[in-house]
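Labels for the chains are A, B, C, D and E, by order of writing; each one numbers its residues from 1.
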Amino acid sequence: GGSSGGDGDSKAGGKKLVYFMAPNTTPTRYIQQDGPDFKKAIEKLDSDIEVKFVNAGGSSATQLSQANAAISAGAKALVVVAADPNTSEGVLQAAEAAKIPVIGYENPPLKGKMFAQVVFDPENVGVQQGEYFASQVKDGALGATPVNVARLYGNKGDVYTTEMLKGQDSVLKPLIDDGTIKVVCEDYVKDWAPDNAQSAADQCLTKTQNKVGAFLGFYDGITAGVIAALKSKKVEVPVYGGQNPELTGLQYMLTGDQQDNVLKAFSVEAEAAAKITLAAINGEQPPADLVKDTVDNGGSQIPTAKLPSTLIHLEKGKDPGEAVQKAVDLGIFTWKQICTGPAASTPTCKEKVG
Amino acid sequence: MSVSATSRTPLAGRITAAFEDRLRNVPVLIVLGAIWLFFDTRSDAYLSSQNLTNLVLQIVTTAILALGIVFVLLVGEIDLSSAILSGVCATVVANYAVTSGWNLYAALAVGVLLGMVAMLVQALIIVFGVPSLIVTLGGMVVFQGLLLVVLPPEFTVNVGGTDYAKIASEHLPTSLSFVLAVLILIAYAGSRWRDIIGSRSDRTWALVSIGVIGVAVLGGVTVLTRGNGLPFPVLILGVMLIVASYATTSTRYGVHLYAVGGDRDAAQRAGIPVYRMVLYSFLILGACAAIAGVVDASRQLAVSNSSGGGPLMLNAIAAAVVGGTSLFGGRGSVWSALLGALVIGSINNGVQLLGYSPEVQFFATGGVLVVAVAMDVVITRGSLWPRRA
Amino acid sequence: MEPPILRLAGVSKHFGGVRALHEVDLELRTGEVVALVGDNGAGKSTLVKIIAGVERPDGGEIHVDEQEVKLDTPRAATGVGIHTVYQDLSLCDNLDAVKNLFLGQERTTGWWRGRAVRRGAMEEQAKAVLDSMSVRLRSFTTPVGGLSGGQRQGIAICRALVSDPRIVMLDEPTAALGITQRAEVLDLILRLKEQRRSVLVISHDLKDVQHVADRVVVLRLGTKVAEFSRGRYTSSELVAAITGAHEGVA
Amino acid sequence: MSVSATSRTPLAGRITAAFEDRLRNVPVLIVLGAIWLFFDTRSDAYLSSQNLTNLVLQIVTTAILALGIVFVLLVGEIDLSSAILSGVCATVVANYAVTSGWNLYAALAVGVLLGMVAMLVQALIIVFGVPSLIVTLGGMVVFQGLLLVVLPPEFTVNVGGTDYAKIASEHLPTSLSFVLAVLILIAYAGSRWRDIIGSRSDRTWALVSIGVIGVAVLGGVTVLTRGNGLPFPVLILGVMLIVASYATTSTRYGVHLYAVGGDRDAAQRAGIPVYRMVLYSFLILGACAAIAGVVDASRQLAVSNSSGGGPLMLNAIAAAVVGGTSLFGGRGSVWSALLGALVIGSINNGVQLLGYSPEVQFFATGGVLVVAVAMDVVITRGSLWPRRA
Amino acid sequence: MEPPILRLAGVSKHFGGVRALHEVDLELRTGEVVALVGDNGAGKSTLVKIIAGVERPDGGEIHVDEQEVKLDTPRAATGVGIHTVYQDLSLCDNLDAVKNLFLGQERTTGWWRGRAVRRGAMEEQAKAVLDSMSVRLRSFTTPVGGLSGGQRQGIAICRALVSDPRIVMLDEPTAALGITQRAEVLDLILRLKEQRRSVLVISHDLKDVQHVADRVVVLRLGTKVAEFSRGRYTSSELVAAITGAHEGVA
């Protein structure tokens, strides 16, 4: 073995190594879309860069090990989606000690120095979901007030859950307080997992004897669990609060089972991260056209690229395909991918893929 | 004569002895009753027909997986990989049945075969001499990778609205369900016929057990068919349990299974093909994992990279152990899969129904589980205190 | 003379640093009772386990019916008609007496019923067999782990009676038995001999040995040191060979 | 004389016997060497001093937890709760030391005490008769709730820049490290002094083992002090291992520990306080869990709701088993915690260093783990094939 | 007459449906050797286990030195000076001979060294004790699981010699032993008696029993059916009592 690991230039035919550090395999987007998109984008910008992927399996300790390993392997920059932002300061310190720039991505590490970060602001996602839901309530789409609402949050204690909840509550709190909305069930969904969401929805329906006016979730995996619970009981209740999106979320919009979704265009985020990473490697400042904000992450002021997320929703009398088309336009999924399973037989799909 | 008439012994002793033997499942049932009573006083909805149906559907996956695990525990091995494997098999079935449009049964056959082959490979390594904990831990990690490979690029297959989804949503019509239940009872009574007419076993005992089981089966069917009939997953679980029960208690295979788990050396010296018995157990687990995965996916209407993850694995092992199967081999029954899954499921269901905050849910779930098994221990040994040492 | 049904040539076995058997030769003929004697740790049980397919010898050959065989597993040994009653009994403590008695040789129905065990038939035969050895059990359904030492040994011996072996090996079969049962076992050995089966028996009771054995083989520290034929030895010669009293003379 | 001189036996047999006895750890070391060689051919960085230091720091938490688990496995029990408990203890220590500004040592004492009390409660239920798998599974769930309770409302405590963080980042100066290493070697040689001068044991053997251990210790210290000195976590782990090794191999406590695990009834009949020994094992595990949690938090510079989660629990159990400790009690050594953690850590580290795609990482991690243990099995039994049955 | 050191009154024990002991009385005096005989399954081992604190009686009283005691655990029994050699030997198979020999009564240094075991001293004493019983081991470091049946029994018996008990109970101590070792055990019993210790011995070998026992207690189906003092009975009387040949006469 080599005596010094700091010098990775000897490796991979002299290519510059960049590590894309994913948190786990659920949600799927990091290995399925963000990672490959990032690789494509940065290699197009500089063919001398080699991207390696690691996956922390949901554990901060593993992620710290991976960061150390990446540093040993001679990484020039780390793109980090934190396995747990709260416990990822170790990663930042290790990188700082080795003088390697860290680019925070989507769910970035907290409380330490970073070169820059790229995010779809989770609080803003929560606000978007909340605002659309509030507008539906006010429009009377959910019937007479008070509307009985079942809320299912993310994994308790996660930064993402806390931030999104802050966003949703900023809109919904007043409606709850004035009695327009009555929260009949609320529960945190362990690990954001569909099956946990399904049993939580099961129990809520039993408890209220199916008297739920609407479900409001946090993410497509959670809404998918809720929809499965509703279908198994043959109960029809509108489901709100999609996000990300997952394939199932878009399909359920086509079948009319899910009302809305917040689109976070992976390719846009990946491209932005690629540009910022390149600047970091070349010792330049973060590109000013992207990185316009500064965010205090509890330890440092981080130059931040805040990307706009888009809410899409079904509309009475309109083809749901119009809403979903936006996701296709953003390159999140193709119609061929979406038009499978239950969506295959929808009129929209018959039209789009024949 | 070899067997002398038993002299009268104290009643308590006779009851305890029975609890350790043919009434082995009664303490768990008492505990289950206590759990139900506890939650019933806290929520009116708990013992509603709707919630009981919920409960049973929620535990089917765990119970089917636990059934397979009972076979593996009985030969003195352990498994950590079957939950993830169930996700892999469910995905493969979804790929063929939904994406490629194969006939559902053909796809199911492929899935079950895959489950069995995957377990066979692991079992061969175990038989080779590597501890099963390590092999199946390694297997678990490999299957996590495999799941990513078999999933399509979107990492999810939505099976809603397809035939696949019907596996969990179909019902056996109420009338047919009752016919089936009665047929099962007749078969059971028939198998005890000799006990009833002969004097070998206690005649009252045979009649009482037929009566109790009759009430339980018919009552269960009545509650579960309140909606549209008997849910298909329940039927699948029921058939699997009955077949497994027959195989383990009445056949040569069953005797050998318990022998291998009780004392592997002694079994081998008696000419039992020990390694083959271990392989069989893992093959059964593989099939159970595939079926559990398919039922679960069909209930969740999708497979994804979280299929087979979460607490399923530990719940299934815990169900087997809560139901009374030993981790050290040779002791337990296939019914422990059902009873243990019911205990765990009833706790989770009740805790969620009460709508406490997550912290309280955690405390209640963990606490009630331990208290439930402690109650079982006390009833079974017939004394509050263990021997001091 | 009739060829031996079982012949061992130069069988050796080591356990780590311990030499348990060293170049042992042995012959057993049809209808012959051979006793294997020796001090504690002389290697008697090891020899039995090698013939039973439980231990694998480091060297040497085993011939059955003048054919060299590899007895790698207990199944292989059972396959050539060897039945063994082990010193440690090798019962499954979690199974009851009937299941233990018939373990590996259950009476079953056909495959179309999944080879269901015929419990009734087995219980009846068990009763008869146990009675014939004066083994008294109070319950057929208690796991044998809860039985007394003698009851356990009785069951282990009775297993030989439900099979139909050509060679029976008994490793200290009477150690835990009461007086009646002990006599029954000696009787059993003679009955087996009458049925033209071969018996290899290990015992520390020299009176019993002299009573039943056609030939006595003496092991000391893993080596065969002497072999006596019926009537051609005195008790003290036997004791001397076992304890090595006249070292180098025997 | 009771012990006769051993006659000459075949060399292979003598080696195999030694592998099962005093050279028990050698096969694992060979396997570890093979793993290192394998990854070294694939990545230059793998055997660099920097990466080896990384590796050791990565495994410290796992190894400390595995050490506690070895004690529990040795008495024939199992534990699933200690990883989460480590998170709870680390959080409590952080609350006191960082948020409330207590003296760090006082906070540490409270944390360790909490770990021991939590384990004591579980151990009492186990001794009462509930299977340890169930008790610690329930405990795991309860501690997940407890973690949410002890965490402040923002669900995290940041310890960066405090004394707490120094636990993982401080170093013992290089010179002092070498002095310490030499002292340890002298103590070890002293304890084998009687073997060297007497004739009871093999004199060459004693000298060789002192030599080998000397080279290993000094070599290890040389590699690990390349930076600024010996990292503190390594020192903690080292001291714990040495104390544990002395306690299990040379004291009455150690004999009783193995006796209880080997045959609980026999140990009890010999007058050993079996239940107390079980309690001791869990108390030790509780202390180890607290220490592991604190070291981990200090390395990650924070605690949160994910502390103690992830693969830590299964890795720690697997480390103990990979290192050669039996799941069924009575067999194994405390060194298996270190060796097993090294094997698992080396695989993970190597796979991560190579930067494969997630699927391939999963396959490599699981596959290499099974292959590694299979190699160990083959070397230990000295034959490629198991007995057929 | 000197009061009994151990007295049992009306001790009963059931296992599920099986009545293992029914209202058994027993006395043991200082320096006395009492033999307990009976058919297989008569309840002898159960009685020994009750006195040893392994099984809890359903009813009855146990007096030591005229004081009623509760022998709930083996520790309690050891505490009042009772040492037991069990029929199943109760050795820890994963420990070596020396560790087994001293299990629970290790020779240790002071607490300041963490009660380190004094292996050297223990090995020396082990050698002496095993020699005195003619138990020959080839290695002190093999786990006893790998030893021969007789070697294991020898170790179990020798455990009595490293402790200093007032009462020694031996459950079929010679079952697996060779001729030399068997003689040593009989000798041991007489030596214990000389040292004014009390011995309760179970054996199926009536010759041995007649040789060493001051009194013989006969159990049948859990009930005490007869008690004989030295010289006041014939062999056939004893056999009759054990087998119940003249039922109702004894």
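The definition used in the following text is that a contact is a pair of C-beta atoms (placed from the backbone, for glycine too) under 8 Å apart; a residue touches a chain by one contact, two chains touch by 3 or more.
What you are looking at is a predicted structure, and each value in this text was computed from that prediction instead of being measured.
Common neighbours of chain A and chain D under the contact definition above: B. A count of C-beta contacts for the chain pairs A-B and D-E puts A-B on top.
Look at the CA centroids: the one farthest from the centroid of chain D belongs to C. Remark: chain B and chain C have CA centroids separated by 42 Å (rounded to whole angstrom).
Distance between chain A and chain E, defined via averaged C-alpha coordinates, is recorded as 73 Å.
If you average the CA atoms of chain B and of chain E, the two centres end up 46 Å from each other.
For chain C, the set of residues that touch two or more other chains comprises 15-18, 73-75, 135-139. Shared interface positions of chain B, defined as residues touching 2 or more other chains, are 4, 6, 21, 144, 148, 268, 273, 358, 388-389.
Those residues of chain A in touch with two or more other chains are numbered 25, 31, 156.
Those residues of chain B that touch chain C in the shared complex are 1-4, 6, 21, 194, 200, 246-247, 250-256, 258-259, 261-263, 265-273, 330-331. Taken together, the chain E residues at the contact with chain C in this complex read 15-18, 38-42, 44-45, 87-88, 135-139, 142, 146-151, 154, 172, 175-182, 204, 206, 239, 242-243.
Across the interface of their complex, chain D is touched by residues 78, 80, 125, 127-131, 133-135, 137-146, 148-149, 268, 273-276, 314, 317-318, 321-322, 327-328, 358-363, 365-367, 369-370, 373-374, 377-378, 381, 386, 388-389 of chain B.
Within the complex formed with chain D, the residues of chain E that make contact are 52, 54, 73-75, 78, 84, 86, 90-95, 99, 103-106, 108, 114-117, 120, 123, 126-127, 130-131, 135-141, 159.
Those residues of chain A that touch chain B in the complex are listed here as 25-26, 28, 31-32, 156, 185-188, 190-191, 193-196, 198-200, 202-203, 206-207, 209, 221, 224-225, 227-228, 231-232, 246-248, 251-252, 255, 333, 337, 340-343, 345.
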